[in-house]
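Mind looking over this structure? Questions follow.
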């Protein structure tokens, strides 16, 4: 009953998206092993979808190894690192979200982008129930001067109507992240995902429900091409 | 093997929506029997979802009985009547539709409303891919002077984003009719129906996919209450 | 990582349904912020789908700000207000529900209608297993004299058979609220929702499963048109 | 590549439901073989779900063999027999159906029951959109004197509301046959099947969508127990 | 905000299945009210799907009112009664179940049948993985002499293969109760329900997943017809 | 707009299952190109799921190139070859099928096995509605002497009950092929697939609905291991 | 019954993706009107998903107006134009497809990209059943010198395994187009779509099943950002 | 209310897979009874899917009876035995798994195989995001000399892409075990199951999601044929 476990420590150089740790499905011992193995290979690592029940373990390992850690606002995502985090580039991403309940996904996206080395700016509560809010956000976005916005990530639950509405108003490539907000038929992000896939305005790249990390990774790959 | 068949010829007086004939699932002989029985009881009758293969039969029966018939633009809906159709009242419904492919449902709604005795005005191709079109339609609608608009029916396929966007901009009760436009996951009107049910803007009454007749019936019941 | 949060404080005047707070998906701090922001803008606010774990927080904020609060029977819905709640108009809604287990939705609807300024009267346990109960309720309803009933909201789980049965017996526009009562295939309100969408009696506006707030909002928009 | 084909010619004596031939999925040659093999073993055989494209073949085989054939009204079901069909017993089944479009299933049930040796009486178009029709049918049914009604088969499409409504009004065991009538979400008989399974009135045995033969077989097994 | 609550205390005499209480979706106060109201009208009442968290409340009410109570083996079903339970008739039902994990449904069925006044005998662990067990049970069943078995209820989860296998071997009407046993695709009783609806052996009346009460009610209605 | 098309002509030696051509989704020109390219590389090729509309084209290409062709009984599967087909080995597969309508899948399996070089023997119409037929087939199978049976493929539609019943009676590895026979809920092979996945008897390898080729390929890989 | 139809002729300048015509759901007269209206506003227009039954109409209108037309290899997509099509830029897209049956989607993508002004190069039949083909294609791709490849579109049906395999090997942003190739459970592109959404390699933007146009539009928006 | 419980103690000799106990759905008393009954009949027994809440009970029974017990690494699977476990044969199975989170299924498979008397060797974390890992594992596998590998079990969640990729590279029969790893649409193992069923590389036998025991049983039946 021999076992061989393989790691993929060259993924970063091969794809531009470094290996990260998906905490949620892991038992504590597996999470610990993964974290230690990662930090042995690299200077920093991203952890996503940390459960509340996993937080203490993560913190303890970080403390014991004298690493540093940077959480997002909901402590669901974290960057573990050794010395200092690299500076942010002058290129970035705008994030639109439909309502307050989507915010934990926005925070995940922002920290992931930070890890990949990009700037970001978020516009929350711009859902279509009051369409003027989206318009104002688009105008506001045009005035951002700290960095060039080259990609727009939209987070929306319920009807997901924000996806086509925004995509119909911008030249930027749009990445849609359906959020599991809403109840009844089509809940759990299903209606929003369907809207994203069926969007009447073209040019939207869809990621799975709640997959903020995936959205940030796609944005990062796009920005990498611009930055080349 | 005796059979007893029951008709419900008092439904109009009881519910305000007269009995109508759903043609589609009926064989030709059943359709003929239903039409003759209806015209024996009343002065006129509405037929919905007429298949192309049923058109000749309907026309023939109308001709043989010296009735008159009024079709919608797609010959999917028809009013069969004896003398003259009653005048239209000074109260009515606005209909918004997202794209060209939804038009056959708009035509069904308009003829059903006509049968129930109400005015209507339709604004087509106002989908959210270009949000300004909806805004212009809303402004245009405010200037209608021939009749008072007291209800707004929205027809949309694909992402169904028009439902919440419109509902967030109007005081009128909104009736959502999902259309089976689109392909891939969420097609057949499913994504649009989910968006209608999950709409972030409240105050929307949803009917089933393609159910233009049902939307007109609900609008008619609402207008009846206003007109009382 | 700048953030801009947008509020939609003119929604009431634009749509006739004032902004309300959906408590369920919000964390405590988000709920608190939303409540304080709302009360800063208006004299009162409606909170729906309050979780038991959120109750203490809501009560504490109300106490600290010297606001008043009015709950429904299940403490799932609440109106937070400053001085006094406006008088109820002489126009209203009847609510039919199929069984005892639907009652929490009936209570949500009643409080929402109260908030929007309308009267209501509920008839519970009138499910189709004993069809005479529905008949008696319809007769009873005709004798209501305190206010004019202009809309009928029906709440039903399991088979949802009450929707078409009632709609076939009344001139009133009917709003169907599927309830997540029942187990096995079609449970969670799915069978009831399907019955509402497939109802053989026309003139029904469907809202999503458990969406009592949405039903009340649609009824309110209809009554607003009558009251104009 | 040897082949062995097995027939089950004792099924009738074992289960009380004789072997029958499901025509629909069979190619013409398979249908022919099955029919000839059956008639070699027995005096008569039931064929269900005959496609229009199979009719000529069936008729030709019957003619060539000097058998007799009795079709239902839609030529979807047939009894092929040699001499004479056995007399009908003084025990039987009532069949309720919701609308005209369900009639082909009613006819299938009636012929199947006839084959199994039972009487039947059908009440059509008694759907819940006009609940008085069902009441009248129930009263009418009580006056039937030619045979004792010991079982009630209900056929309904769309919302399937007739299932619980009838089951709540009768002492008879009820068999529900969902019909694929209706369009949009829940169509194809799905909503009706869900209503049957979720029925708030207990004592309903459900068969699959369109399965008139199965309903007749269950009724027959029940009547066999009474007749013992 | 007046409320009218309707009870249906004549359901027993109308349908042969007395009103019972579905405990599961009821809050404690609603359960208490229902129980007291029922016992005011009748000498006994059946309670089904009692949650563990409801048990103490039920017991307390029974004690306080000096009623008696009889539970099934899993305390999920109970008969509450005043004096003495009526004698059991000489007619009954056989129950087959596929595995040990289905047993709680078998116990529910047995107590419901007891309440309706019928005998029963169960054969457990006769699943098709070892087909000889079912054969032995069928032979064993033929030797039962205390009462006449006139109906066979089959309980099965996972593949639900026991339904068609048994139905192909017996003259008795078969009632299929899918059980939520199994994991992965088709779990929760879905595969078993589909097998019951698709059964290649005809003459099966299907009830919803876990609906032991419904199966007993249908059996009772059938036995009532035999016993007439 | 350059194009590069890659072929995988070493797949046979790598996996033991030579490359074959899935005809169904291909246009005529694509089918022709694939066939010619395959025959250029090898001495023979298997074509599966040939549509009736593709038959003439296939025959024409074979004729023009002086190849030979061997069809299955339904002309859905074919082996195209140059000289002579290799001899069959003394190892093989038994195939059980539930009913007549599954036969086209049985024929596909038999021809695929023939192509892979294995013997086979089929037992048809052994469905569980009459369980004795399966028992007799199992006994019959034990007497086969021309070749050793080392694998059992079961084809079944509707309830798919044959899968667990057979698997519970044999030492052989069982491969389940769900067939799209049946109508209503669970039709299209869904119920049968679920039964295969949920089978209470372990040791079943499931392939997709109608995938006779896949079943034969798995059997071939197993026999290859035995034959090594 | 007045009608107002709105066009969105500024969409190109606003989003970078000019308005195009989805032919499939349109009746012939609607398609004609749309084409003429588009050409009145612009110098060229893209038509996608042209049905065979619409081809003659399209060709006739083009001829009558002395326009020019350029079809893809399957005549499903076309560019209608007046004078000459603008030159292609030195930036482009690589397209990988899993099998021959996906080719019609590849051709759609190529023509759409051509219309948007970008170069493309396709690598077909590189599915994962022979993983070396994908590796070779990736190496081949690195040697392309005519234009810089900045985005990779992957088209795959059946298991959709090509999406994560490719995404794990490239720095380029990947756009996944699920293809409706395959049969049985998960067919119609569902399994491929699920694989794309669940891909274990991050950085994939998913479009709906068969949505080659959407993939090209997203690629175009990305290239526009690079080209800025 | 008599009860007869049947055991199937000859299943091992009949099918080659001895009876085992599925712990999960059993209450503690049922689990205890099953364990004691099994050990009365045999020298050892396999228990699968043990819940944490059942562990103490299992351990206690084992202790009280002086049996021995061998758990897998996650204490989800156990062999209970009397004296000593039989030696392992020189034939075995390789197990590939895509990621760390699948490991609990790998451990279940290994212990089941151990119980059936076979060797195994696992290669973990060889998912397709880094395709070289799978290649290395295949090469590594060829060098195993302790036993002959005759079957390959693949465990994968999310996109399940490992199934076709591996099956396209090996002569061994492949058994696919979808794992419930991943979130959003297609989660719970659904996407992985669909990929397994739709795999473009043939020769894969699929078992249900998480069904490690079933995979081991199928492998065991295959090895039994080789070992004959």
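Side notes on the structure shown:
Per-chain numbering from 1; labels A, B, C, D, E, F, G and H assigned in written order.
FYI, a contact is a pair of C-beta atoms (placed from the backbone, for glycine too) under 8 Å apart; a residue touches a chain by one contact, two chains touch by 3 or more.
Treat the numbers as computed from the prediction; the structure is a model and nothing was measured.
Judged by shared residue numbers over all numbers used at their interface, chain E and chain F contact each other through mostly the same positions, with over half in common. Centre-to-centre spacing of chain E and chain H amounts to 36 Å, using the average Cα coordinate of each chain.
The geometric centre of chain E is 57 Å away from that of chain G, both derived from CA atoms. Distance between chain D and chain E, defined via averaged C-alpha coordinates, is recorded as 27 Å. In chain H, 11, 14, 129-130, 167-169, 184-186, 190, 193, 197-198, 201, 208 are the positions where the chain touches two or more neighbouring chains simultaneously. Checking each pair of chains for touch leaves A-B, A-C, A-G, A-H, B-C, B-D, B-G, C-D, C-E, D-E, D-F, E-F, E-H, F-G, F-H, G-H.
Residues 98-99, 127-131, 158-161, 163-165, 167-169, 182, 184-187, 190-201 of chain F touch chain E in their complex. Across the interface of their complex, chain F is touched by residues 11, 14-17, 150-151, 167-175, 193, 197-198, 201-208, 213-214, 217-218, 220-222, 224-226 of chain H. Those residues of chain D that touch chain F in the shared complex are 1-8, 10-11, 14, 22, 24-26, 30, 33-34, 49, 178, 189-190, 193, 208-211. Remark: chain D residues 74, 100-101, 103, 110, 114, 119-126, 129-130, 133, 136-137, 140, 181, 183-186 touch chain B in the complex.
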